[in-house]
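Structures for review follow.
Next come two complexes built around subunit A: one with subunit B, the other with subunit C.
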Partner chain A sequence: MKNVQKWILVFLLGVLSFICLTPSIKAEDRARDLQSLINEAQAGATIILAQGIYEGPVIIDKPLQLEARSGEEVTITNNSDKPAIQINADDVALTRITIRDEQIKKQPTVLIQADGVLLDQLQIHTGSFGIKMRKANHGEVRNSSIVWAGVVSNRPLKLSDKGNGMDLYESNGNTFYGNTVIAMHDGIYMENSDNNLVEENHFERLRYGVHCMYTKGTIIRNNIGRLNITGAMVMAARKVELSNNQFTKQSENVNSQGILLFDAHEIMIFDNHVEGNRVGLYVEQSTHNRITNNSIVGNFIGLQLLDAENNTMSGNQFIGNVASATSRNSANNTLDGNYWDTFQGIDLDGDGKSEISYAINPFFQSLVKAKPGFQLFFQSPGMVFLEGLYQSQREQWAVDASPLMKPTENVRFVISKHTLQHSATIGGLLLCLSIYLIYLGVRRK
Partner chain B sequence: MIQTAHIAIREVKLGFRNPWAYSFMGLFALFMLCLLLINAQGYVQGYSGITGTTLNLILYLLPLMSLLLGSFSLTAEKEDGSWELLSVYPVSTWSFIIGKYVGLAIVLLVIVSTGFGTAGVLGFAAGSGFGLLTYLQLLAFSSSVALFFLAIALLIGTLAKNRWQALTIAVAIWFFAIIGWPPLLIAVLGFMPYPMIKPMVTLLTFLNPAELSRLFTVVKLGGGAILGPEYYEWIKWIRQAGGSFSFAAVALLWIGSVMAAAQFVWERRRLRG
Partner chain C sequence: MKMKSFNAMLLVMVIVLLTSACGAKEYKPQEINEETDKCVICNMAVKDDPYATQIITKDGQSLKFDDIGCMNEWKVQNGTETVGAEFVRDHNSGNWLKYETAYYAYDAEYVTPMAYGVIAFESQAAAQAYITEQGKGELLSSADLKNHKWEVNRDMMDMENMEMHNESMHSDDSKEEMEMGHGTEGKDS
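Right, the complex of A and B next:
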């Protein structure tokens, strides 16, 4: 009898453990083996992925299209040191896929080493680089988002832990359209990569939004950047077009600026809106650039020209900056017909341009170059006074020969505005209090 | 304590019957309004062109007002002989000085409030003004500048024999603290070895309440990055809530020490006189 009881107990335990353990086996089953799906598919095939979680890493070495069934959520996870997805074959397309690759590592989340690759509507959560392109030409990344998701446990996260959102090396003729990159290192980093188009992307809380290094023919158009260290960083580049972008609030870092040119030549910068940055437009050691019709509004310094030559600037509007412009060693530039709100001109012939020129005082810039400790005097009353006294070697100053008398159009302000009502309420209360106190003081007992 | 209160109340009464107070009040309110009118933007938040200009105009006007009102109030006591009368009574010099300070501070803060109040209300009507945070930061800035320079004013009033002396000293101090400060430091520190410049500028900034308040406000307005990498640690620190408390502590220490100096001199003269 006791034996039977024992056997029943064993049987029950067995059934119980079977019931308990089965779901976990099923969960493992759900992480489907994507690699074997890819291996089995024929070149040129389209693989429609059903809803679920797929395990990386995955290597794609034949032309394939991978897409999620419409309306279904497909996630690829990766816990290895390898790229979550490595694309070695031309004409691969990935559509509507979420990639979770949150481990901090050297290898990127998506590595592309082939031409004509299309990434569309991807959601990348990465602890490394988002998309790395190596000798990858004529590809396209569109409507995708790349967000930093890495966690460092035992120390504070450093900027250098992060990889770039999109990182190009020797990759030409690619298009980046409608993407969002948040909290990575650089938004798009292009090195030795020519003729890429960066359009309508959103860059936020990055080191540099767009970063060009040794590039040619890049077009950066209609992008929005905010709260980065620098919006667009164009270094050692030629023939870049930077137009109609909006860079706001790059002001937190001591090296922040909206748009920075360094060793950049023949760049076209037009119709951009640069607001609320530490330095709106920073041009150093750069030549033969055309800077036209930009609105540079409400920055600490509107324009900073350092050792810049043969640049043309016209039709730009400098409004509401703490200091409109500072310069050093930048006499040989053609500045003409810009609007500077801190300058009061005289228009004798009624052509809308001032007959007296606006000269950018180099005193402060030269002073802090020699002794950076004096940067503390930026726009202090005494420094403004001193700059007014300093007039020597005026012929070596950067000069706007005929500044505009009025801003050319209604300048828009994009940084959000709150109501004035609150300060008016406080003001009203202050006024009442003051009047009451005056009444108390004046009245005879 | 009660004596201090009496002296303070008397000072407020004297202050509001003084035509100078009203002309300064009118001037300050007018300045604040002009600033709003020249501002095409309509709405101002953070460190920008118009806040920079406002900071500088406040720095031109308020310290001079505080220095003149404060020092004249003390020299008037000597010139009119009312101190001679007061000193017969058992009023301690501390009560006298603190009472004077509190009374004059109320007068000055009313002047500042009237200026800001007018700007706030009329600015709203005209659709041009400061966002709440910026408004409060500028108000705090003005108040701190007024309180700092009022302490200096009491020391001037103590040292000066009469109004004219007080005027001369006040204008000289105003000029050096506001306008002459950068030229003076650049000239003097130019002779120092390079690594000494930054620590010296930092140290000397603590001696000039105008610069100290201005820099504190620039950082609080979000403009700290413009002060450069040299001062990055300071900026980070001031931006935290602790920065405000520390500024308040420094201000208290500063005003306290200057008032102590004034009390010391006044007391000595009282004993000798």
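Right, the complex of A and C next:
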């Protein structure tokens, strides 16, 4: 009997020590101070981080490469109000690291103040700015994700609580490739920063996906934006290329649009797909831009031109928008060979282009500017009728001289038709039910 | 008799109320609604932060701006005849202040939504404290703002950038174009 008890005791002790010892080994791992690892390393070294959780904040002030082995999880947490990782030295690289920095604060999660920094496959959960770059040139952020994780306890979250996913100031020649930014303030914000490349990123549920302010030479290519207030906001910018992007469903906010140009000049916008937004393409106080071969599909307003001059538009397709185009005070634009599905042209010489021009009526926009409340009558029969009567100063309207008769073949729709099918099914069922009820009622009589 | 005097009093009260409402027309700033408000000038969403400013027109319309510079731009475009009152917000508390009674700190490098670099304060001391804390900037009153140039900081940054990073990226041509572009910018709008 005693023997058995002894054995049980030994067994219990064994289990206990096992339970106690293993975490202590882990704790030792955890206690391994990342900052001292960095301090001990020689400049130019590569530090392979062992799997586990490391405590921030960390300052990197010599060229180093920090990486996790693929398949292993390395997490840096930060509860201070400093940046989780601050990079002050050129040519630092971080690879495959998860950063949890969820406290709401002013300092960003990653602060870069050096050139040639590479961030690769990072996963950033932030309650502030994701990556802030200040005077940081020729760096690269690729295949990383930045997701909002901050929580405000005592009041609803405000837009102004959030920071931008990537925030650049006086930072030139950087590349942002293959990143995903979700639920932040702006996806990528560039101020006083030139010649940056934004390619194949995914922007979702943000204020603005891509936001340029006082920049030039930015290239925005092959990105996808969904459910933001605005997909691409190009303001006070010059010589930007905006090509082959897809902006869909920017429609939840009263001021939403797919692409907005304001005070933007010499911008090239081509081959973009803009679908299901409040306004597809919004151009205000912008000049000398070339807008070609875009598909503007299924928006409430396809094109909105306000005080825009000397822009060229051709080969664009406006299909299934509630209003193809509206304009105000926009003379001297060259519109030619676009397809407007609401316009019925006549092609006499068989060249595929209409001999009748398509003029964009400024009536509604002028009215709304004077009395914003009249937006309620957007496309109402009375408004359409009045618009038809309004013909004054026609020579100053924006006019497509020779619209296309047919859309070119490459029009595609990207928003799924599932919701449509659902509502069709429900509608069908309701119809059957009501017929049945009427039938019953008639029989009872 | 009693009833009559009561009626008379009521009448007097109504008249007093009406006349006071008419005479001292008071303009009050509206709260910012981040869901719907956008800057009348630059189209950006107006955030519920201290950079937001507001004009209440004489017919009671509220025009909101995301930066004091945009409000100034509106006055340049539309004049001040229809303006009932102008409001800015204290940078520290976010309280609405009359444009005329606030104090301002300006520096080209202060970060504001449209980069005009002008920030409003409730008191002269608070503005001065901010300038001291930042180690740069100048103190302005609303009267001084009338003579302010309202330059956005890129114009100045450009010069620096051109000198600093001119190496490979920009030819002299583009430099000239940029400057021309900026020159016309102000006149366009």
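Here is the rule we go by: the second predicted complex is superposed on the first by the 387 of 445 C-alpha atoms of A that agree within 3 Å, B and C clash if a C-alpha of one lies under 4 Å from a C-alpha of the other, contacts with A are read in each partner's own complex, and residues count from 1 in each chain.
Keep in mind that, in the parts below, contacts are C-beta pairs under 8 Å (C-beta built on N, C-alpha and C of every residue); 3 or more make two chains touch, one makes a residue touch a chain.
Since this is a predicted model, take the numbers as computed values, not measurements.
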| item | value |
| --- | --- |
| Touched partner set for A:Ile301, first subunit B, second subunit C, both or neither | first |
| Contacts of A:Leu376 with subunit B and subunit C, given as first, second, both or neither | first |
| Contact breadth on subunit A, by residue count: subunit C or subunit B | B |
| Touching partner for A:Phe262 - first (subunit B), second (subunit C), both, neither | second |
| Partner chain(s) touched by A:Gln285 [first = subunit B, second = subunit C, both, neither] | second |
| Partner chain(s) touched by A:Asn172 [first = subunit B, second = subunit C, both, neither] | second |
| Partner chain(s) touched by A:Asn253 [first = subunit B, second = subunit C, both, neither] | both |
| First (subunit B), second (subunit C), both or neither touched by A:Gly71 | neither |
| Shared subunit A contacts, counted only where both subunit B and subunit C touch the same residue | 253-255 |
| Complex interface listing, subunit A residues touching subunit C | 137, 158-160, 169-170, 172-173, 191-192, 194-195, 207, 213-214, 216-217, 229, 233, 235-236, 238-239, 253-255, 260, 262-263, 265, 282, 284-285, 287 |
| Residues of subunit C touching subunit A in the complex | 34-36, 38, 42-45, 47-49, 111, 114-115, 152-154, 157, 161, 165, 169, 174, 178, 181, 185, 188-189 |
| Complex interface listing, subunit A residues touching subunit B | 251-256, 276, 278, 298-301, 319-323, 341-342, 367-368, 371-386, 413, 415, 417-418, 420-434, 437-438, 440-442 |
| Residues of subunit B touching subunit A in the complex | 12-13, 15-17, 40-43, 45-52, 56, 59-60, 106-107, 110, 113-114, 116-121, 123-124, 127-132, 135-136, 139, 178-183, 185-186, 189-190, 194, 197-198, 200-201, 205, 211, 214-215, 222-223, 225-232, 235 |
